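The next part holds the structures, each set out as structure tokens.
Both complexes shown next keep chain A, but they swap its partner, so chain B is in the first and chain C is in the second.
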Partner chain A sequence: MIKFIAKRLGSGLVVLFVVSALTFTLLYTSSGSIARNILGDQATPEQVALKEQELGLDQPLVTRYFAWLGDAVSGNLGASWFTSEPVANSLATRIPVTMTMVFTAMILIAICAALIGVAAAVKRGWVDRVVQIGAIVGDSIPGYVIGVFLVTILAIQLGLFPATSTISPEVGPEAWVYSMTLPVIALLINGVTGGAQQIRSAVIKQLERDYVRTLRSRGIGEREILFKHVLRSAAPAGLTVLSLQLIGMLGGVVIIEQIFALPGMGPLAVTATGQSDLPVVMGVVMYTVVVVIVVNLLVDILNGWLNPKVRVS
Partner chain B sequence: MSDSIDTAAVAAPVPTGQSGTVVRSTVMRRLLRNPLGIASLVILGSIALLAIFAPVLAPFEENFANITKTLAPADSVNILGTDSAGRDTWSRLLFGAQLTLLSALLCAGVAIAIGLPAGLIAGYYAGKFEAVSNWVVSILMSLPGLIVLLTIRAAFGPSVWISMIAFGVLISPSYFRLTRTAVQSVRNELYVDAARVSGLSDLSIIARHIFSVVRAPIIIQTAAIAGVAIAIQSGLEFLGLGDPTKATWGVMLSEGFKNVYMTPTLLLWPALAMALTIGGLVLLGNAIRDALEDGEKIKHRKKKTVPAESTTADPAKAGQSRKSVAAVEVGTEHHLIKVTNLGVGYPQADGSVKKVVDDVSFHVDRGEILGIVGESGSGKSQTAFSILGLLPDNARIVGGSIQFDGNYTVAPGDDRVSQERLSKLRGKRISYIPQEPMSNLDPAFTIGYQLVTPMVRVLGISKAEARKRALKLLTDVGIVNPERTFEAYPHEVSGGMAQRVLIAGAISCEPDLVIADEPTTALDVTVQADVLDLLRELQQRLNIGVILVTHNFGVVADLCDRVAVMQNGRLVEEGTVRDILRNPKEQYTQTLLGSMLEGKTPMTMLVSRPGSAAQKEPVA
Partner chain C sequence: MKLGPKAAAAAIVLSASLALTACGGGAGAGSNAGGGTAVTALTLGTLRDITSWDPAQAHVGHALQPYQAAYDSLILREPDGKLSPMLATAWKYNETNTKLTVDLRTDVTFSDGAKFDATAAKANLDHFKKANGPQMAQLSSVSDIAVVDEDTIDINLSAAEPALEYFLSQAAGLMGSPAALGTDGIKTVPVGSGPYVMDKAASVKDSQTVFTAREGYWNKDLQKYKKLTLKILIDPTARTNALVSGQIDATLLDPKNGKQAEGAKMKLETNQVDWSGLLLLDRDGAKNPALANVKVRQAINYAFDRKTILEQVMLGQGTPTSQPFGKDSGAWTEELENYYSYDPTKAKQLLKESGFEGKVTIDVPTLPGAETLISVLQQQLADVGITLKPGAAITNTFTADVAAQKYHALFFNLFQGEPTVAIDQIVSTKALYNPFKNTTPELEAKIAAVRAGGQDAGTLAQEVNKYVVEQAWFAPLFRVNQMYYHNDKVNVTPQAQQAVPSIYNYSPAK
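For the complex of A and B:
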């Protein structure tokens, strides 16, 4: 098992390296004159040259990448070109906000999607039809459109919730939960509808397996077959569904945070993108890839625990 | 939103080798018969028309601003009102449709252009290319779409086209995986081999045989991807990172959200346009999938009934024989299992019931082996599963009764098998040996666990006691190292060993009746003989009744006391093995027997696995 984890961790680091190199190359070769961008059109060529030297842009790309990589390994991701705030600091204050939201939504999605999906697979009938229709509706309306309407109707028109949220520990847990409700709902609706449908399919697929019939023929009860055998076999598929949703949510949360004016990764990423603030953009990409790698690693470990075949090979 | 990108890839229908052979026109017809299919086509068609004729239909230029008339409500000039810059909402909606649809097409086009050829090559040639592309795919799949698009935006500036090309690249793995899986499933099909042998080039094989298989799944996938592309592109514009000179639904949504306190209706139109378009695409994808799946089902059913139809050349005779068999069987004497005039059917979509078992009667006593013989689709397995109460959920008992040891498990008039009564019998008094050893053991549990648990549940003995008995059973079924097999997972043992384990499981609770459904079909020839010997030995020692479902007269001759011949859901002949083999009365039985005699031309139509039948010694 330890060997298995080490192997997965190793391949994760390779991915991290490849993605960072590609992103760095893409960002620093395509965005035109970066120094002129920062200084504006009035800057003289001398000023631009000076700025380029200051940012190290006169160095060859490979040198710059490895300088960045060396710093990054020691925890220094550079500083914003516009606010001069160290990227690592911005990330450290914003990641907790975003991650709290993402993980709250994810836990709720996992619970709701699993309950609804399994119920639809076992009971069929009307539960199943509701899940099917829900999946179509959920697929048709992007999460941010749901967010926009939640704000408009529940917060602005009816005044039930705060339209914008600020999360700080001083506000107290009650106000915090209150302010998080709408953004989390906006984040999780698509996840629940899509997840429930896919978990349903995964469970039905297992229920139709030959060994389920054989277990029944041996006198094992329906409940034991479902909870001990079927759900265990359907779990890897369910985990994959949920992990893909979590990864997708890292993008979706950017827009949701913008809608609810939450001080998470979203506004940082959007501002940095608009200004071509490349060190910050690099930082955002690195954070995303690290989260993705950790999530995939966790899923691999859980699958290895659930499925003896994976564990052996 | 972007979460649906990745899920779209997961939800991609797994294509089977069959889907491509469905004639396109019938799919189209089925699509048009489905109300949701029509609705989606109408919605998408109207939006496409509005987009195409936007320059004609729109009363204003997309960016024409009447500064004196901002945030105006709907009137005769601006039928949906104006935005904060005094631009006409209806006109911008139309131009937005144009851009939105074009960008979705571009994205899907790029994704197909990359994913399809890569998937074809990886699936058809495998090797290094496949390994490398799988690695690239796993990276692309693990990147959240929106974050990548933000990076692209930071590098290249605002452009709908660049961001959609990038997203097309990012989402191309979903086509890649779809194509690769489809190609892998047909690569080794006989007809592809035949094409190769007949000297067709790889290119024309791919074009002719393989492309037809992936065509339909690709259309479904494209509908899903276009929807996701629209959602993510609009999301980017909603964030204010799109091209500000273009009217798009995302920009309009953002504009509406900024003025949500003044004119919330500005939000409604772009949101509605998006939901209608994406919803139309989702529905279209679903409808096409349903149309294809219906085709599959119909084909499958046809396949099953065809040989039966062609063999009932003489319906009068078949009816006559049925009567004679029934006359013998209907009686009042006590048997271990007694099946009387049993009928099993499946309700069809058009309200009719398709009978798969019709008017079948037989009985089995303790210490007796009854063989049920017939071709695939003759209803023999359905009969066996009705006795076990393990028919699929949609199956119905359409007639007759089943009595086990004098008690009804299916009383006359019941339309389903009584699970309440059977759950007390299953495992304890009636047990089951399946056909396919490997798929009938749960891969996640050890063999020992799967032997011990039923004994603990059914017999109420302790785990330690059950373990002792399980090891003894494993020895009894001829496993040399029972301890090791006990600890092993199913994937760690051979097929023959797994079948011995399943036999051990079937007799573990000392049943009175064992139903064996083709217990040797999936095994090697040498192992087949061993397993048959084992079955006979156990049956004699434990004095149990056995129903042996098989298509193989060799197995019947070897093992059975009596034999029932089934055809097309009906019992055509029943008697002692000696009588039936020496002196078959029915034409059908003669044909069935004749089909496996050496020196004759094999009638491949009647024997589903000519290989396994030919391996047996000639009978009679």
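For the complex of A and C:
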């Protein structure tokens, strides 16, 4: 298992390096005069030249990349060109907001999708039909539409929740709960319906396998077959779906955070990209890649733990 | 299976309730939802956080408002644009308008305890000149600053600058503690003499900035609240939701979101700050020979039915105009307002006379959000035989692209500033929006007269305005209404030439 994890971590580092080099090259070669963007439309050519020198934009690309990489390895991701705030600081204040939201949504999706998916697969009949219809309806409504709907009804008309985030250092954890509730619901509805559908298919597939028939013929109870054998075999498919949903959610959360004005990674990514604040954009990209690598690794480990066959292969 | 319908139903109910309760937290969220609803607290929705609290990095309009909370400026700009004493008690030019002598207050201290005096004022102006901030050009005509005595400075100019007093009410006039200028600390925490001090512990970058009233502030008339919160809401939908749900007291919206705010009984203050229209940049025909012909440029102007476009596309939020200079600038004249009335027949006639009939094609980049407007312009120009080709959307390299003469015409919204500000933005050879450096000796003379005009600069700029309108340098369509909404707990006075009012323009509603 340790060898397996080490191998996965190693390939993760290679991916990180390749993505960073590619992103750096693409960003730096396609973004024109950053200095003028920073200084605005009143700037003189002399001001622009001075700013370019300050930012080190007069250096060759390769020199700049390796300087960035060297700093990044030691934990220094540079500072925003617009605000001078260290990128590591920006990420440190924003990742907790985004991650709290994503992981809360993910845990709820996992629980709800598993319960609904298994119920539909085992029960079939009307339960299954309701889940199927729910999946179509849930998949066809984007999260941000749900978000706007929730704000209009629950925040503006009923006043049960704040319309935009109230998260700040001067308020306690309850503000986090109130501010996160609507965004989390907006995020999880698609996930639950989509996840339940996939888990349902995986469980049905297992229930139709020969080994289930054999177990039944030997008189083993349905409950034992389901919990000891079927769910364990269906788990990898479910986990893969959930991990893909989590990675997809990193994109969806950008819009949700904008709607609810949550101080997470979304607004940071949007603002930095719009301004070509390249050190920040690089920081955001690195964070995303690391999350994807870690999630995939965790899913692989969990799969291996649940199903020894995966470990061997 | 042994799971009966009851168990299955229970599973669904359980999961649904888990989803709602686990993340639902509890009841009573509304008690925590409001931010600035107390009479002594003001919460404003702002469009973005500022980049640095160094006063030399201050910008204009909505990017100036946060600085006004923490910093006083030398001169106070009243809502109607009139300049009044603030840290400067009086100021006077010499006869040649090349030296401004400024008398200063003697009873002001900064939030770090340092005293405001002539040396501090000089340190700020010197810092502004070399800090490479976005408005550094405001002091480009200043050659040096001399300390005359403890409460007097002389600002010496290399050439007359009629807008200098205005600049001293803007970014260039903000005064920070001399001990903090140039340090890293002032980038994140302002150190000024303004009506409020930042509550660093309660502020979160890009989310909210919290201020509390400064004890013993010298001008109580400008300090109307005990607490001021600037809540950063980039998304207009979020700003609208925050306003109508009572989280913020006032914010800037657009016509579409404004409808929702009006439905929730929010009050509207409109103010015209920008003009919207075409900039026909290549007036010497370097890349598009047709644009060198004044008759072609005039034909473009006659092709637009400004009133109908404004009603249909902008929901009537603005005023049709043919001139690029603003109503508050002094350069505006009634006779130029409808200089180019809608006259497609005249447009066709002018094109015929120009010899470019059927041969005029104008490429413009697409301005995000203005797609509908551009397609209407395309249609109206096509009706007189001119082809408008919208290209790729402008990107974050826009200003560099303009400077590099990438565009020979543009559709854009531009700020309408003081005469010399506007001239150096769109008319003079150093203006970004004159990338082909078009000029004539006649125009140069008119611009020189404005620069040396002192108090008469506005009136003299009418000549520049007239010249560029007659020569059809642009095809202005309308002055756009900025739509600032607020609730009934606060009174708001709009500020001339600013989409967002100055911080002094808010007061608790009685």
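The rule we apply is simple: the second predicted complex is superposed on the first by the 304 of 313 C-alpha atoms of A that agree within 3 Å, B and C clash if a C-alpha of one lies under 4 Å from a C-alpha of the other, contacts with A are read in each partner's own complex, and residues count from 1 in each chain.
In this text, a contact is a pair of C-beta atoms (placed from the backbone, for glycine too) under 8 Å apart; a residue touches a chain by one contact, two chains touch by 3 or more.
Note that the structure is predicted; figures quoted are calculated from it, not measured.
Once the two complexes are overlaid through chain A, chain B and chain C clash, as defined at the top of the document.
Of the two partner chains, chain B is the only one touched by A:Val241; chain C is not.
In the overlay built on the shared chain, the residue A:Val148 is in contact with chain B and with chain C. Once the two complexes are laid over each other on the shared chain, residue contacts for A:Ile259 go to chain B and to chain C alike. Contacts of A:Ile95 after superposition on the shared chain: neither chain B nor chain C is touched. In the superposition on chain A, contact is made by A:Thr288 with chain B only, not with chain C. Contact with neither chain B nor chain C is seen for A:Leu297 once the two complexes are overlaid on the shared chain. Applying the stated contact rule after C-alpha superposition, one finds that A:Arg216 touches chain B and leaves chain C untouched. When the two complexes are overlaid on their common chain A, residue A:Ala119 makes contact with chain C while staying clear of chain B. In the overlay built on the shared chain, the residue A:Leu57 is in contact with neither chain B nor chain C.
Superposing the two complexes on chain A places one of the chain B stretches 8-16, 26-34, 188-196 or 242-250 into chain C: stretch 242-250. Chain A residues 31, 148, 151, 156, 221, 258-259, 270, 274, 276 lie at the interface with chain B in one structure and with chain C in the other. Remark: chain A residues 15, 18-19, 23, 26-27, 30-31, 124, 136-137, 139-145, 148-149, 151-152, 156-157, 190-191, 194-195, 197-198, 209-211, 213-221, 224, 229, 232-233, 240-241, 244-252, 254-255, 258-259, 269-270, 272-274, 276-278, 281, 284-285, 288-289, 292-293, 296, 306-309, 312 touch chain B in the complex. The touching residues of chain B, when paired with chain A in their complex, are 1-7, 9-11, 139, 141-147, 150-157, 224, 227, 231-232, 234-235, 238-241, 253, 257, 260-261, 264, 267, 271, 274-275, 278-279, 282-283, 286, 388, 390, 393, 423, 426-428, 430-432, 434, 436, 439-445, 453-454, 457-458, 489, 491-492, 502, 505-506, 509.
For chain C in complex with chain A, the residues that touch the partner chain are 1-3, 5, 8-9, 11-12, 14-16, 18-20, 22-27, 29-30, 32-33, 35, 48-49, 51-52, 59, 132, 134-137, 140, 184, 187-188, 201-208, 210, 231-235, 237-238, 241-242, 244-245, 247, 264, 395-397, 399-403, 424-425, 430, 432-433.
Listing the residues of chain A that touch chain C in their complex gives 31-33, 36-45, 47, 50-51, 54, 82-85, 90, 93, 104-105, 108, 111-112, 115-116, 118-119, 122-123, 127, 130, 148, 151, 155-156, 159-171, 174-175, 177-178, 180-181, 184-185, 188, 192, 221-223, 226, 258-261, 263, 267-268, 270-271, 274-276.
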